[in-house]
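Here the chain labels run A, B, C, D, E and F in written order, and each chain numbers its own residues starting at 1.
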């Protein structure tokens, strides 16, 4: 994912990878997203003062709306960025992924963003996934075939290869597919840069104002402080 | 909330209150729901073998879909139960709550359940909330007036008083309002009993099958075991 | 249908079957539902004082909304109950029935309840229906195969076997299908019990208040009286 | 209503008023529409061979879809005709009527026709209705004021005065309102003529084929015969 | 197209074909519709005083909404007329055309009219189109087969053969298809006659009032004058 | 508008203003957008080889989809860019403009982009517009008051000041409003840069492939050549 991001980052942009100290190696279901999204808040509570913007780098955008409330910096999700970017390249996008286990969670994500009317379909390879690390290399031809069939059958104008194991695939196979492909990580890096450049104010009204001070028990100190407004900054 | 639940529970039903050992005293925003929903999974990982069904007792249903995937028992959310029950009493329900801070999160919840077309509105008292404990007593008249105005202006057929501090209010004010009122806790207790009686099978396919075994780091032992399938039961 | 209902009814619940003295042996189209729904009102005008709640026991819910306006007791439709119950077991349900002739009417019903967004599809056996009485026995294997294919292709999380001739099928075939199945009659019995337990007030405002007194010509006496408010009770 | 229809009927068109021999003087609620719609089928079973097309002349279109299935002639509803005609005069129409009691049923009707996205609102006079016969004369100024306010506030492009007592009002007040007004009866007469002229085939497939032969008990002879296919014609 | 229109025009109706002096021989894409729609405005600026109503006779309705704003006469689009007419013959229509290149533009058109909920599908022949003039003759059997399959698979109640080269096809093949077929040109002629007969007022408010005077550069004189209100009439 | 764009353009980005040689000084209605959108295609046919991306700089995005089909470079609309950018700052945006005459066209635009579910409202100053040039200066306080009221009443999370005369207003008044404001021109410049950086392939399939060669009459030479594929490049 870092490679896909660096390939498009602007000269002045430094990408700082954060890996959660707790949680799952990757996120594939609603249950994992619920936990993973909470970990996103914990991580950002610690790191938000050190960066200009944050990217939630799991397709499905776990914790995105909560992070957008809680922190003053722009926060972008990779699926959100991919879908919104795709909207500028055609009327309908299709999401292609590597296992059907991801589809229900991805559908929830499309609905969360109110983009069901622009989604031509969510499709996945059939069958078991041998190893996450080898997904892209071992299945490149099957993924391209699935994408080609999806273009034909769904009427999609744009493709999104979704799921961390597919990061970077778009660039490799672009010549074998007849429509534009959006790489979620690349889109997110550029949309985050865009928001930093536009420098929008942090909401103090509406539905994304920072929540009022709230006591809590048993959360990591940075998140505790962010929730209680004990943190000095912002 | 326990009182509201016990008032309608069937003779053979025992309500077992679980209070999170970590998290927030109550949940009012998306950020809090993200964390609170993860805590729901932790708590159910510990308790699910000891009960026949679970109720997520915060309006907004934090963690509901994840819990429904992860555990074999029926899991019901209070907002879900209230809205679905309201659907049997009229075509459109309105949600009345005590502070506008809750409205964005509640709207997300209505959308999550695909019931926006049946929601006549989400309304709230204006102004600050002095104390959660005293919300209901101090604002009863204002809440009734708001509900009456909502019936008149929104065309709602059914009302839902939403938010833990309003549990039990419906029964007190029913005679002052011209349409049925659903108490979320009462509805959830009865819907949970209903699901236990119908005894549906746990999905092993579709979008709510239990996720496959997943390693994790740093989660409480019961959730770790549930995620990794190290738990013996179910 | 009585067997399916009795199998889940609570100890104190007595199910009283009412068969229309006029109309059709079963309802399969909009025209039949229009007439059948009017007969529902006639029957309930006669019987509503003798029961605590009513179930409209034809999938498609003929006459449901009119009955909900007109009478003081809770009225539940079997399709409504099945769909709302299914919503607590997954995000999307599929409806499986035995003849394509029913599908248009069922689709109208899903739309009436505002649940199209949660419906993964309405599917039916192809070909003629030899005998309503023998539908279930003669087609069990075909129905299971259709349901299995529907789970695979539609992404449904829950199944509903719809149509009176399929009452009770869910219990027989549950082990051959990977997702929960809701039996409409069973769901309706339990939802009716639930509404009786919650004891909501009858609307005197909103869209389900009893209509004002209305004269009529040529209707059966009990319905005439209910419409004109000549009936003493309620 | 006949006057409003005759004012626009083509030279060769004869309007034949049918008044139900049973039912209500006018229809204002879902319960009345359920019964009235069944009576529509009874009446058309008797009369359909004597006319080229039929108009269901109660706003809300009781029995429309059932009649469209059951008979071979075109059947048009006044609300349907009004709304579809309005769609050719602007993007969004508003429905203005004389009592709030009608609004819920009218909203169901808009939804039934799938036109909620083109409906800018359904509004009604407040307060009681003294006499149906005098509604239009006594309230003309209030209705015009309500319509003017609706144009201003709702952004409607077209108005529909709905309800039998308002038939003919559009022509009287057109100069006092800034946007086109559709009279439902006038629209229905012309749309019925249009369908007769286009002479579409009766469906023998899809969702509006005539239902297969069905036995029944206790229905009027013409409807019994139409349902059982005992009628010789068509 | 003139033949299809004349076949249904009323005795007093004269159809005046206007062919654009600039633009494309037929319109198949959004880019062509953008230009063609502007040419529609130019043509109507010249001709609107000489006719009682106008028909935009390209499926997709290029320029329709602009023309409806700008001119005082009724303006009808062939796709709009076909779809609205189809709505009176069934709940869902399918659009059948001769090349997939048209489908995206047609889908935009369905959405523009807010009728996606009543559209069962837009289907097209596969493969290249040899000659527009010969489309109908050379492909009649393939189009009928496609339409038959669409009726079976999509659940459509009504068919629309769309695209100028298919004008008149409906009448030829009606006996080979089980559901009603709407010919867009025929529907538009009749709907235009209907609007002339109803004689709605031109909006001076709402979203279809004539735009205020606007200066312009380089447009044909009649359109320049219509935009600047320099035209004497209306 | 150039000032608003230059304020955010990246160092390497040169903004090249193109002013149409024909058409209107600004675009406010559907009729003007129809013509203006055709002019957009004419202008781009001449200029597309000389730039890396194009911005359609009239709120409402006239000609956008046609341009996206016809040319190989990315094309972005200012309203599209504003709305998609706003989607990353909150769940619902409101559009604020200076005259109600623009609202119908803007609503069409929101619908075209499938974003109605994320639009909290489109609001405008009441009353006449004295001079386009002076709109912003003379009405700043009224626009801020309208925006403040909109935040309060609509529940919007983000604001968009729409219409060329309001370009640059967002930056001036940001401190007087409690939620982020997106300037359409600024958003479009950054989204255009983003698309150039991501360098998506031009579609040769789906709904945005370049249309096949098409003859035309009377169009400007560059557009004629682009439509007929007589242009050498791309």
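We adopt the following convention: a contact is a pair of C-beta atoms (placed from the backbone, for glycine too) under 8 Å apart; a residue touches a chain by one contact, two chains touch by 3 or more.
Just so we're clear, the structure is a prediction, and the values are computed from it rather than from any experiment.
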{"item": "If a chain touches chain C and chain E alike, it appears here", "value": "A, D"}
{"item": "Chain centre separation (chain B, chain F; CA means) in Å", "value": "42"}
{"item": "Centroid distance [mean C-alpha coordinates] between chain E and chain D, Å", "value": "26"}
{"item": "In chain C, residues with contacts to at least two other chains", "value": "65, 68, 91, 103-104, 107-108, 155, 157, 206-208"}
{"item": "Chain-chain contacts as defined at top", "value": "A-B, A-C, A-E, A-F, B-C, B-D, B-F, C-D, C-E, D-E, D-F, E-F"}
{"item": "Residue numbers on chain A that touch chain E, as the complex places them", "value": "91, 155, 157"}
{"item": "Of chain A, residues touching chain C in the complex", "value": "103-104, 107-108"}
{"item": "Parts of chain A lying in touch with chain F, wherever the complex brings them together", "value": "8, 10, 65, 68, 74, 76, 80-81, 84-85, 87-92, 113-115, 117-118, 151, 155-158, 174-175, 178-183, 186-187, 190-191, 193-195, 197-198, 200-209"}
{"item": "Residue ranges of chain A in contact with chain B within the complex", "value": "21-25, 28-35, 37-38, 40-41, 63, 65-67, 69-70, 101, 103-104, 107-108, 111-112, 206-208, 211-212, 214-219, 223, 227"}
